[in-house]
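Heads up, the next two complexes both have subunit A, just with different partners, subunit B and then subunit C.
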Partner chain A sequence: MVKSIAQKEFISTLRDRRFVVLSVLVLLLLLAATVVGLYSYHTQQQERDVAQQTVNHQFQNSADRHPHRMAHYGSYAFRPKSSISFLDFGLDSYTGASVFMEAHRQNSANFSQAQQSSSLIRFGEMTVAFVLQMLLPLLIIFLCFSTFTQEKETGTLKILLSQGVSLREIAWAKIAGYGKTVALVVGPALLIASLLLFGRSGFEWHTDVLVRLLLFIGFYLVYFFIFVVLSVVVSGVHQRSSTALVTLLGIWILCCVIIPKASANLGNTLYTTPTRAQMDADVHEEVAKGIDGHNSQDARAEAFKKELLQKYGADSLSQLPVNFDGIIMAVGEEQSTKVYREYFAELTDIFQKQNRVSEWAGFLNPYLAVRNLSMGMAGSDFPHYLHFQNEAEQYRYHLAQSLNHIQTTRLKYKDKTTRLSADTWKELAPFTYEAPPVQWALGSHLISLVALFLWLALVCTLGLRLIDKIQIA
Partner chain B sequence: MKPFWILIKYEWLNFRAYRGLVILSTLALVAGLYGIYYGTTEVERQRENIAGLEVLTQHNVAEMKTKYPSEADAGDIGYYHSTFAVHHPDSWASLSLGQRDVNPYYIKLRLLNLQSQLYDSENINPLKVLSGNFDLAFVLVYLFPLLIIGLCFNILSIEKEQGTLPLLLSQPISLPLIVGAKLTFRMMVVLGMALLLSIVAMVWGAVVPDARIALWLGVVVLYCVFWFGMAFLVAALQKNSAFNAVTLLGVWLLLTIIIPALLNVYVSIRQPVPQALALTIKQREVVHGGWDKPKRETMEAFFVRYPQYRDTAEIQGRFAWKWYYAFHLLGDIAVEDLAKEYQSSLQARHDLVQNLNVLSVPVNVQGIFNAMAGSDLPSYLQFLQSATHYHDTLREFYYPFLFKQVGFTHADYAREPRHSFTSTSDMPSAKNGLVKLLLSVLVVFAAGLLLFRWKEASVK
Partner chain C sequence: MKFALEARQLKKQYQDKLALKGLDLQIEPGEIFCLLGQNGAGKSTTINLFLGFIRPTSGAAYINGLEVAANPIKVKEYLAYIPENVMLYPNLTGLENLALFSNLASFDYSQEELMTYLVQAGLPGEAAKRKVGAYSKGMRQKVGIAIAVAKHAKVLLLDEPTSGLDPKASNEFSELLLQLSANGTAIFMATHDIFRAKEVGTRVGIMREGELVDLLGTTELNANELEKLYLNYMHA
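Entry: the complex of A and B
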């Protein structure tokens, strides 16, 4: 009986011309979003690859330079896009693409896509994730809103119940039937997207990418399931189709349009972001209390000098076996970096507190939960961006200190004129970036993960309990 | 006219009795008030931050004065002292924040090469800017259409579904009068709210009262009327309530989300902006290459731009500030074309959107709001140009010290040029948008009327 109800829902949906037209439209949008996503992924990635190769080449073949000059010449880190970010651009359009890495200074990540667009970009971007997050729930609502109400309006529900099935069995059968229909719409699109993803890498097996993709798909399936059950339940508790529809559309507007924006804005109001100028000034003030690598005359540097001379039993700095210029530069870099990192950690902590509001709002709204998880799996969320920024900062520090070390060991004290050849710079490995593994990504979205599955449990238990209480007039 | 007012009166009684509609309208009002609160606090915060920059500059000057107690070499000051180019919001920005949260509203500048400083970004939380601003423009452009849809989707169909339409028509009133009265009543409610919110926002945000008040109110009215026209058009199809709700929401989705997203894709493909990364790489190469070039060569190239310093003293020794700043300038000159191209490509992107916004009324209206508030991309580009100009004046201020070897005294800090830029509204494009909006309204109503006439026969 349950099977035949499911089959009936499935077949009658397929016979409904309006639904077929809408599904085809959604499917076309999904395919368009896939193609567009791949295209922009390709152009951006290529641009960044070329830029990265150019700067690496320039660094390794640089003119003969003093090591500290090389430290100021610096290098760039261009953020590579994660390979499945074409499915969900996430924050990528709003985060900077390039970081200039030099001695003493931590620079911002510049040139985001959003800065290079007019306000049109704020209406949203056409990505697979957008279609899956916003449009499919609407399709599901449209599919399911009248499933019980119509049976009530035409009196068929009574007849069904007289066959000896319970309301709960009917509900599950309907859910199964609609689930099958939804799978028919998203299945082909996701399959094509996966094929494109793996086709590009020559079907090479990257376990991490595969797991990310499977989880990406899995989370969306849970999300769709939640909406199917929710729609069936809402249809069950209403008497008229039109009121059921209006309720569901209201829920959709609240979940997909209003709450996401309101929660992000609320987070921003609750925790104030310091300006970059203020932060730089604070860092500068704090650093000024320590040793300045470019000023070996002040009291703190003097004390450090004495200590060093004592240690080596030397009378003057030129007698030291190592170059004091390089050493004080390294000490200065170490101190300023330590201060900067403290302030940067504070800043990211504020950002994370702001974002936490949206994460907790996932308990109110499955859309937010799936959005965070989706970005996390696609590698286009805030934690991934932060990871890149930290890696770039690590590299910057490492580069500056390596160059200070070269100055310490290969140059004499007060030597400002010797220039080392490009072979020296080839000893330093260029910046490479490896995105963190999937378990790291999942770990940073535990709240959203719990929220999504709580929603699943909630609609399956409480939701269906409401179905049991349906009054049949 | 009498039956018309009777209908309006009963609509009001109906509206009051139906809790759902009252809740919906209250929600829209609350959302609008929150939008106004958010917009004004955000602009207030930006103003405070800009005021804070002045404090930072003073702080920096004080630090310089202790570091260099007597006369200093202007080269050191140019290197260690920083000032800010600031982009003040227009008083209307609190109504429509536009891109002001994405684009930096100040730039920290030193005498070094400009192009490595001009594009530094502000501390922004990417998740927040992705979610967008909950300002009054958002409430009016996104949420008011939903309110209108909620109020009007069953304007005719509910009377049919409840069986009250034949009863009504048995009275000496015509169908157009019924629909007209119902639409008029809802328009009064929605327009009343929209205008009230707008005026509250103008007072709260203390906007400069000028022609923009009329323009803003006119756009708000026309935009709401456009959506009423859409509801009328769909009602004229004479389908059931569920069909109307889905269709209207579909239109909303198409106009406010799908078409803009597709347009964005089209614009970014049609008008690529590849210059940014090339520019940033090239300026570094030229600036740092300056250290290794013969000084005479660098100075000759510099004198082409500033011939007035040609007859100054020859550089002696390993290092001189004027030479250092000369090759920094050469770095900027080397990418001058790229920088111009970069900015003109961005402008071209914006212009392309302006041409295409006829495809989506919400995009057009958001564009009008942003143009009026001076919060869109062109304002930012003007700010960049203004900052570039400011950096030129800074150079011109410092060069005499460097080339004529004059010491930089404490009194000179106060003589250093300061920068201030306030975005201005772009009235021509706002008016252009208004014309397009008016045409859209006419088209929708004409289509609705035609369809209504054509279908009216089927009701009777």
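Entry: the complex of A and C
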């Protein structure tokens, strides 16, 4: 029974010209977004690869320098784009692409797409995720809004029911029929996207990418299913197609426009971030309380000096078996890093709290839940950005301390003239970045994951209970 | 005896309106029962109660001996329903519509069998393969009849089925009802058409304000007398 009605819905929809026009439009948009996204991904990834190789080469082939001068010369970490970020740019366009890694200070990532593009980017980008999150639900609404109301208006529902079919069976059949129709629109686009992803030259096969892509598709299928069930249920409880359409469009506006904006604003209001200037001033003040590696006459450095001389039983710093300049640099670096990390942790905590508001809002709205999961699988969300930022910071600290160690062990106290050759810099491994695995990404979005599946359970249980209560006569 | 259709003290109350006031009725297999009455008299309510689309306030409706309210799905095996205006699925052909509805009633007919049912119901063969969206009301009604016939139902519930049909189509429809009746199908037809009721019915009931005010055999009086009687009740 369910199969027959589902097939009827599928065939009827395919024969409906309005559906054909709308579907072709959405399919073309999806394909265009896929191609544009992939092109953009290629260009940016290539730029970053070249830039990373260039700065690594420049660092390792630097002129003869003093190690601490080299620490100030620093290096850059360029964030590689995730393989499937071409499907969902997420925050990538707004977060920085590179971090300058230098001694004494932790920098945040800079040079985002938004900074380098025209203001048009503020209107949002046409990505596959945008089409899937915003436009596909609209297509589903236009497909399904009259599915029950039309049967009531024309009386076919009575004939259907008189054949011995229950309302619930009809509802499931409609859901299956429209599900098949939606798959027909989305399937080719996602298939082409997968072929483009796995078939492109230089692609390194990785199970993680495959799992991320499958989950990405899976989460959207759940999202579409929720909208199909919701649309069928709303159509079921209304008597007229026009009121069902108005209700569904209202739900779409609420879910895809109002709640996302409201939750973002609420997050910003509840958890305010300090201004860049304020944070810089606070960090500077805090760092100044510690040892200044550049000033060995500093009072705190003086105390440390005494402690060290006592430890080694030496009368002067030149008698120490190690270079005091290097040690004081290392201690200063340790202290300033601690301060920077504390401030960055506080700032990150505020950002995470702001994001958490949107994540919890996923319980009110499946759009937000799928948006977070989509960005998570695409590796273009805030946790992935933060992961890169932390890795870059770990490397920066390691690089600075390695150079301090070189100064401590290979140069003498007060020696500011010796220059070390490029061979020394080649000993230092360049920055490499590996994105976290998919289970880490899922763990970062547990709230959204629960919210999405709760929505699924809710529409399938409560929604279909409402279907049972449809007034026939 | 097991009646094809039976109502026992069947009542339906809608908020402040008593739509059906304790209907008692028995219809035997092969009988054509025509229910006459003005709009709002309770004819459609009676049909909806037999179909199980609404629950009775009190009393019970039975189809083939089964209480409708207690067996809403099971009783559908025994009945077929044709509304006043059969609106089928416009994007499907007549054949596809019949195939779908037959399938839902657990009948899996071949294309030839489906075509036979449609032609038997009076639909031209070439029209059966056209989309229903282009059909006239009469043609749609014929597909509706084919759906009912293909179900081999013991009970046929008709809600003003000849309304809007041209005389030729109405006559063809009457002939088909007589054929079904001869095969043992019990037919319950709510109608405004007194002459059709007299022509095909075995018994006629007159309903006013939810009450069956008269019940008579069609052999007892001619069409004019029936009309006069009906009008008397309506103006009483």
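Rule of thumb we're sticking to: the second predicted complex is superposed on the first by the 468 of 473 C-alpha atoms of A that agree within 3 Å, B and C clash if a C-alpha of one lies under 4 Å from a C-alpha of the other, contacts with A are read in each partner's own complex, and residues count from 1 in each chain.
By our rule, a residue touches a chain if its C-beta (ideal position, glycine included) is under 8 Å from a C-beta of that chain, and two chains touch if they have at least 3 such contacts.
Here the structure is a predicted model, which means the values were calculated and not measured.
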item	value
Combined model on subunit A: subunit C and subunit B, fit or clash	fit
First, second, both or neither for A:Thr154, with subunit B first and subunit C second	second
Touching partner for A:Tyr94 - first (subunit B), second (subunit C), both, neither	first
Subunit B versus subunit C as contact partner of A:Ile258, first or second or both or neither	first
Touched partner set for A:Pro321, first subunit B, second subunit C, both or neither	neither
Subunit B versus subunit C as contact partner of A:Ile11, first or second or both or neither	second
Of subunit B and subunit C, the chain that contacts the larger number of subunit A residues	B
Touched partner set for A:Gly313, first subunit B, second subunit C, both or neither	neither
Subunit B and subunit C, minimum CA distance [Å, superposed model]	17
Subunit C residues touching subunit A - in the complex, by the definition given at the top	44-45, 48, 51, 53-54, 73, 76-77, 79-81, 83, 85-89, 91-92, 96, 100-101, 103-106, 131, 144, 147, 151, 157
Contacting residues of subunit B [partner subunit A, same complex]	20, 31, 34, 38, 41, 45, 49, 52-53, 56, 59-60, 84, 98-99, 102-103, 106, 108, 116, 119-134, 138, 142-143, 146, 150, 154, 161, 240-242, 245-246, 249, 253, 256-258, 260-265, 267-269, 272-274, 276-278, 280-281, 284-285, 288-289, 291-292, 318, 346, 349-350, 353, 362-363, 366-367, 370, 375-377
Footprint of subunit C on subunit A - complex, ascending	1, 4-5, 8, 11-12, 15-16, 154-156, 158-166, 472-473
Residue ranges of subunit A touching subunit B (in the complex, touch as defined)	29, 32, 36, 39-40, 43, 47-48, 51, 54-55, 58, 63-65, 69, 72-74, 76, 78, 90-91, 93-98, 100, 107-126, 130, 134-135, 138, 142, 145-146, 241-242, 245-246, 249-250, 253, 257-258, 260-265, 267-269, 272-281, 347, 351, 354-355, 358, 382, 385, 416-417
